[in-house]
Amino acid sequence: MENIVLHVNDVHKSFAGLHALSDIDLSIREDETHAIIGPNGAGKSTLLNVCIGRLKPDSGSVVFDGVTLTGKKPHEINQLGVARVFQTPEVFPDLTAIDNVMVPALAKRDGAFKMSLFKRLSREKDLRVEAERVLEDLGMADQMQQVASEMSRGNKRRLELAMSLIQKPRLLLLDEPTAGMARHDTNATIDLLQKIKAGGITTVIIEHDMHVVFSLADRISVLAGGRIIAQGTPDEIKDNPKVKEAYLGEEQV
Amino acid sequence: MSINDFKLDRRLLMKSGLIGGAALATPMHFIKDAHAEDFCNMPKGKSVTLGFNVPQTGAYADEGADELRAFKLAVKHLNGEGDGGMINTFKPSSLKGNGILGKKVEFVTGDTQTKSDAARASAKRMIEKDGAIMISGGSSSGVAIAVQGLCQEAGVIFMAGLTHSNDTTGKDKRANGFRHFFNTHMSGAALGPVLEKEYGKDRKAYHLTADYTWGWSQEKSMRQATESRGWKTVAAVKTPVGAGDFSQYITPVLNSGADVLILNHYGKDMVNSLTQAVQFGLRDKQVNGKNFEIVVPLFSRLMAQGAGDAIKGIFGSTNWNWSLKDAASQAFVKSFGAEYGAPPSMAAHTCYVQTLLYANACEMGGTFSPTGVVKSLEGFKFDGLGNGPTEYRAEDHQCFKDVLVVQGNEKPTSKFDLLSVVEVTPRSKVEYDAKMLGGSLGPVNAKPC
Amino acid sequence: MNQGSLFKDLMLFLVFAGVVLAAPVLLAPLGANYPDLLQKFAIFGIFAIGFNILFGLTGYLSFGHAAFLGVGSYASVWVFKLLSMNVIPAVIFSVIVSGLFAFLIGFVSLRRSGIYFSILTLAFAQMSYNLAYSVLTPITNGETGLQIRQLAPSDRAADYVLNLRDEDLRILDQAFGVVEHGIPITNLFGIKMSGYPGFYFCAVLLILAFGLSILIARSNFGMMLKAIKSNQNRLSYTGINTRPYLIAAFVISGMFAGLSGSLLAVTDPLAGAERMQWTASGEVVLMTILGGAGTLVGPVLGATLIKFFENIFSAINDNVLQGVYSFLPDGLREAAVAVSGLFVGSGWHLTLGLLFMIIVIFLPGGLMQGFELITGRFKRKAKAETPSQQSKQPAE
Amino acid sequence: MDAIFLQILNGLDKGGAYALIALGLTLAFGTLGVVNFAHGALFMLGAFCTVGFNKILTLEKVALDPTKMTAWGTPLEVRTPYVETWFGDFGAFLVDYSVPVSLIVVIPLMLLVGIAMERGLIRHFYKRPHADQILVTFGLAIVLQELIKHYFGANPIPQSVPEIVSGSANIGSWFGLGDSLVYPWWRLVYFGFSAVVIFSVFAFLKFTTFGMVVRAGMFDREQVSMLGINIEKRFTIVFGLAAVVAGVAGAMYTPILPPDYHIGMEFLVLSFVVVVVGGMGSLGGAVTAGFLLGILQSFSSMNEIKSILPGIDQIIIYLVAVVVLLAMPRGLMGRKGVMED
């Protein structure tokens, strides 16, 4: 049996009596790319938020690498090695691309807090080289000195990916990395994610676009009405009648 | 975007090099030639500069403006212009109407903002930049004490303007500072007999007191003066300065059994608390079979305008009032009224008098040196400046003179005619031992600055 | 472009130091070259630099920073009264005390952000002010302000505790056998801290404070603060615990405020409660925004401008104006004096208010943007970026 | 018992004033997102509209009486108000009622001021950082203050209430609580007035289409704009409304607190505290906080409480603010995401 990195145990979450998540059990294995799919309102984002500590489950627990994440603060979860890329790109809009990447690099190296009052950031040669490399890998060599607020949405998303990658996370959570993209950009993103996958990072990806899911995922969990209705390899999922039912009329599988 | 990217071109570099060079040479230019000067800001040219430091912004701006008018008038008279005002009535006078010691009087002005820091900054500018040899003005005790301390350090003379706290010439007295204005103790001593006469011995007083040094000092003086005459103090409640709405302090008065309310407030606090107390119907009340009364220990006509009809019939004390009929007061009112179209306030009066007294002291001693001025002023007895015979007591640099008890006019004939003098309490009744208030003058500072 | 090169920073620092040290010469044409005002420029410059570390870098707008200034002043005067007139112990003690005070207030206030944080700091400062003015008079000497006094007579030493407000001890000075005549003046190992020596003392500290602010702005720590301002939420998902960074920034800027409060007492040993009033807190906010929040030099420029108006414009009276317009014929002169009189003397507030409006309308980045306009950088930059973004950046 | 009853009245009266001031501020601040440091100045302008109105009504015909002289040697002036000369008793009536009647002038003037301010200045600052809004509105407040000081002087100017409500109401006898319970009529009038204004504003925003659009716009401006509704125009009117509410609050307060040019600054900090304690973006919160702070301030000023906690009355407002903001992250009724960054 492979190593289990993230274990979601019997998680329940409801908002004002409405069950957003019930009986969620999910195991993410090391080095796999695990996609969570489901129709709108199935509870995908809620699940992700529970995983990174943004939301507290009503019951159940989330265990990452033997550590219970439930009740932990976002920065503590990140320091354990969980990085997240948001659905709408969340970057530091006032900073340049390179600084955007330097910040998580520092967080990785120095921990959640370090009083380095007199250490000039420009003297962090090693980190800078690394940051530049990550940006170059993502095709942003020309944008390093650009301020993030002036970037296109696609570039912001790549920047955010770079911010996560530089931390070499044990677990990477991607929330709809191709939302709102044109087909051409989506394909570019798929290439990018495949590259990352080749680098060997455990990834959980939430996605609407089945093309993306089937090009990347090793395993897929299907969420509907706050429950996992199916789990398995892409091929298994393709043929699952429950999944077809859940998606009926909504999207072609 | 930050300055770090501003372009550093060669010109800028050269400039900074130049500046650096200049900086090294700088201090030399600014250390004054100490040997040529016997004391701070010794006048060397044909003129002498006085500094008038008054509130020009904030709640006391109108009072400050009136003080400034008086200062300008005094300078005019000292320089021999105008009708001479009280120079003509002042005796014994050494003033010649040709400036001070033959030097033309010039002045600089500043804004105290009624804040100690701003007042000291302004006074420092006058001393350090404009070469003022005497600072005068101000309309609160905090500011007066702060500036007095500064003048002591700098070695110039301070002639206090409107400051009523005992501390100015008590705990915080300084050798270089002088006060013509009266204080809370004198107010209490002057009001005591009048209140006894008007309202009887069997009274129960309720004090509302502004919660800072002057208020406490005023309350203490009033309690001494009234309690020694048989009055009882029901309660003494401290109110925050600038409270605005005093209703929460006034309603408890209604059922406290008190029959007199003493408002130890000044300025805007006085205007507001008095207006509101009257609105609460206190003056229409009967308590213990007597008419309920309100007393305002320190009255300023200028500020009292703000209380409108509320001041009618209310007793208080004042340093001076323009309705006085003595020759000196009349000469001053005539001169001031002709110049500005309105009678002077008591703040204006004390500032005018202080300027004249300073000039006279210089003439008497034949010098601008603080040592000489202090020597001339200490124990100086004079008359003809509107308060009758007056003495600058040597022990605490406080003027001793008669104190006016006034009452709000029931039927004012003009908007200036708010107060009428009901009693002139003689000096002997308000005098006290200099040791009573503590503090010490210390040595006169007449060092070069 | 947030990272200046080391060389540029060094040059900036040196130019700044040169300008500050040469201020007595440079400001002479403006009539602002007298010690007290120069001291005020330096002291409020430090105050604004410190405030900018919090507000400019993290975006957290404190409306109670004057409290730390006030605490610094009181702490210094107490050291003068109890220990020594030498300024070194006073300055050190003040910075420590205000740092502790800032830690307490910051620890609580930083539980909230945005306007809620601003109001919490305002509330703490106003409570400090109100209590210092009245109930705490035994420590602060209330409205009059805490002052240096003469030494208590030695035979009274037994009951000095009762009268410390009015009689001083100066234990260290006494131990070293310093003889006092009347009320002593603050000194730095014998150099009197009034007048120009006082200014140069403040100037050196201003230069050091400025250098420190460059270091902080360029440091890893500074980058975290900028990231907080930019997107605090994202930063915590990046693995950073933002709270200690914020508290550290708050305490550092509180210590700068304490230092400037201490210097106010050093150059003029009187500490009054009004220093802690909200208007004083508001003043440093205005200084920083006026100069350009988030820039290095802007806050100092803003502080200088406001203090200049307060001290120089307020002192211009009709007599002075008459002199200025003496070249005009009589009638015209009177008219010119009357019109100008509205804006100077007792009308200096009007000028200040108009200035605030004009600067913020035309120079959204504060004075520093004006400066950049003059140096021509703006135009070149504008080609690369859209003007709106350029102008928006500095003040955010 | 009487004392407590009276302090409740004081608290309600104060609370009414606080709520009224905060209501105007929260309209501009909590809903349009503009940090308006000129709000106090609007309060002050309202008060001075009333003062000016009274000044005009009492403009006097000046005749010189050469037989009598002033102390400085000019002929004595004899003054009679024009209004009384022209209208006789009605003129006297007008002067007597000048404070309430002045509302006829205050409301349109303040609406104009508010609209002009929004159109000319505030509108260009909606998207600017809060810091810029603070600087520009603070500058404006100073300018307005100085103009008033220039024309009216720095001293407070008293305004009298109409004769008919000048005394105190014997409230005790209404409730059978004895004669010692009295309260000034005008303060009761002010309380009633503030209640009416508060309810009118709420009703306006709640029951009119205009109000519904504005409330929707407060939540999501872009959404409403996308519906093709000109939300900007409505915001102008909301700002005008805020100015009117501040103005009438100031105007009616003049008999209680003789206004001077600085009065706005004294209410500025207080109004911000009230709005924030109430919670950003909530009108109800501002009103609740106004009454809460008013009542607590009145009670904390009682001798019995002051003797246990000296100085508590000086800091109570701020103390309550701290406690509320620490216990409730967004004040009493604040909306999430409004002015939190």
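We call the chains A, B, C and D, going by the order they appear; numbering starts again at 1 in every chain.
By definition in this document, a residue touches a chain if its C-beta (ideal position, glycine included) is under 8 Å from a C-beta of that chain, and two chains touch if they have at least 3 such contacts.
As the structure is a computational prediction, the values presented were derived from the model and not from experiment.
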| item | value |
| --- | --- |
| For subunit B, the least number of touch steps when starting out from subunit A | 2 |
| Among all chain pairs, the one with the most C-beta contacts | B-C |
| Centrality ranking, top chain (CA atoms only) | C |
| Chain whose average C-alpha position is farthest from subunit D's own | A |
| Subunit C and subunit D: spacing of chain centres that average the CA atoms, whole Å | 33 |
| Centre-of-Cα separation between subunit C and subunit A, whole angstrom | 46 |
| Sites on subunit B at which at least two other chains make contact | 61, 65, 211, 238, 240 |
| Contacts with two or more other chains, residues of subunit A listed in rising order | none |
| Multi-partner residues of subunit C (each touching 2 or more other chains) | 1-2, 130, 133-135, 349, 393, 396 |
| Category of the chain touch graph - line, ring, star, complete, other | other |
| Touching pairs among all chains present in the structure | A-C, B-C, B-D, C-D |
| Residue ranges of subunit B touching subunit C (in the complex, touch as defined) | 1-8, 12-13, 16-17, 19-20, 22-23, 26-27, 29-31, 56-57, 61, 64-65, 106-111, 115-118, 120-122, 124-125, 128-129, 141-142, 145-146, 149-150, 152-153, 167, 171-172, 211-214, 238, 240-241, 438-440, 442-443, 445, 449 |
| List of subunit C residues in touch with subunit D within their complex | 55, 59, 61, 108, 111-116, 119-120, 122-124, 126-127, 130-131, 133-135, 232, 278-279, 282, 285-286, 289-290, 293, 342, 347, 349-350, 352-357, 359-361, 364, 392, 395-396 |
| Touching residues (chain side subunit D, partner subunit B) in the complex | 2-3, 6-7, 9-11, 13-14, 17, 70-74, 76-77, 149, 153-161, 166-168, 180, 182-184, 186-187, 255-258, 260, 262, 266, 297-298, 301-303, 306, 311, 313-314 |
| Residues of subunit C that touch subunit B when the two form their complex | 1-2, 4, 8-9, 11-12, 14-15, 18-19, 21-22, 24-26, 31, 33-37, 40, 130, 133-135, 137, 142-145, 147, 150, 166, 181-183, 185, 194-196, 200, 214, 217, 264, 268, 270, 272, 274-275, 294-298, 310-311, 314-315, 317, 319, 345-346, 348-349, 365, 368-369, 371-372, 375-377, 390, 393-394 |
| List of subunit B residues in touch with subunit D within their complex | 58-62, 65, 211, 235, 237-240, 242, 244-245, 247-249, 251-252, 254-255, 268, 271-272, 275-276, 279-281, 284, 302-303, 305-310, 322-323, 330, 333-338, 341, 343, 414 |
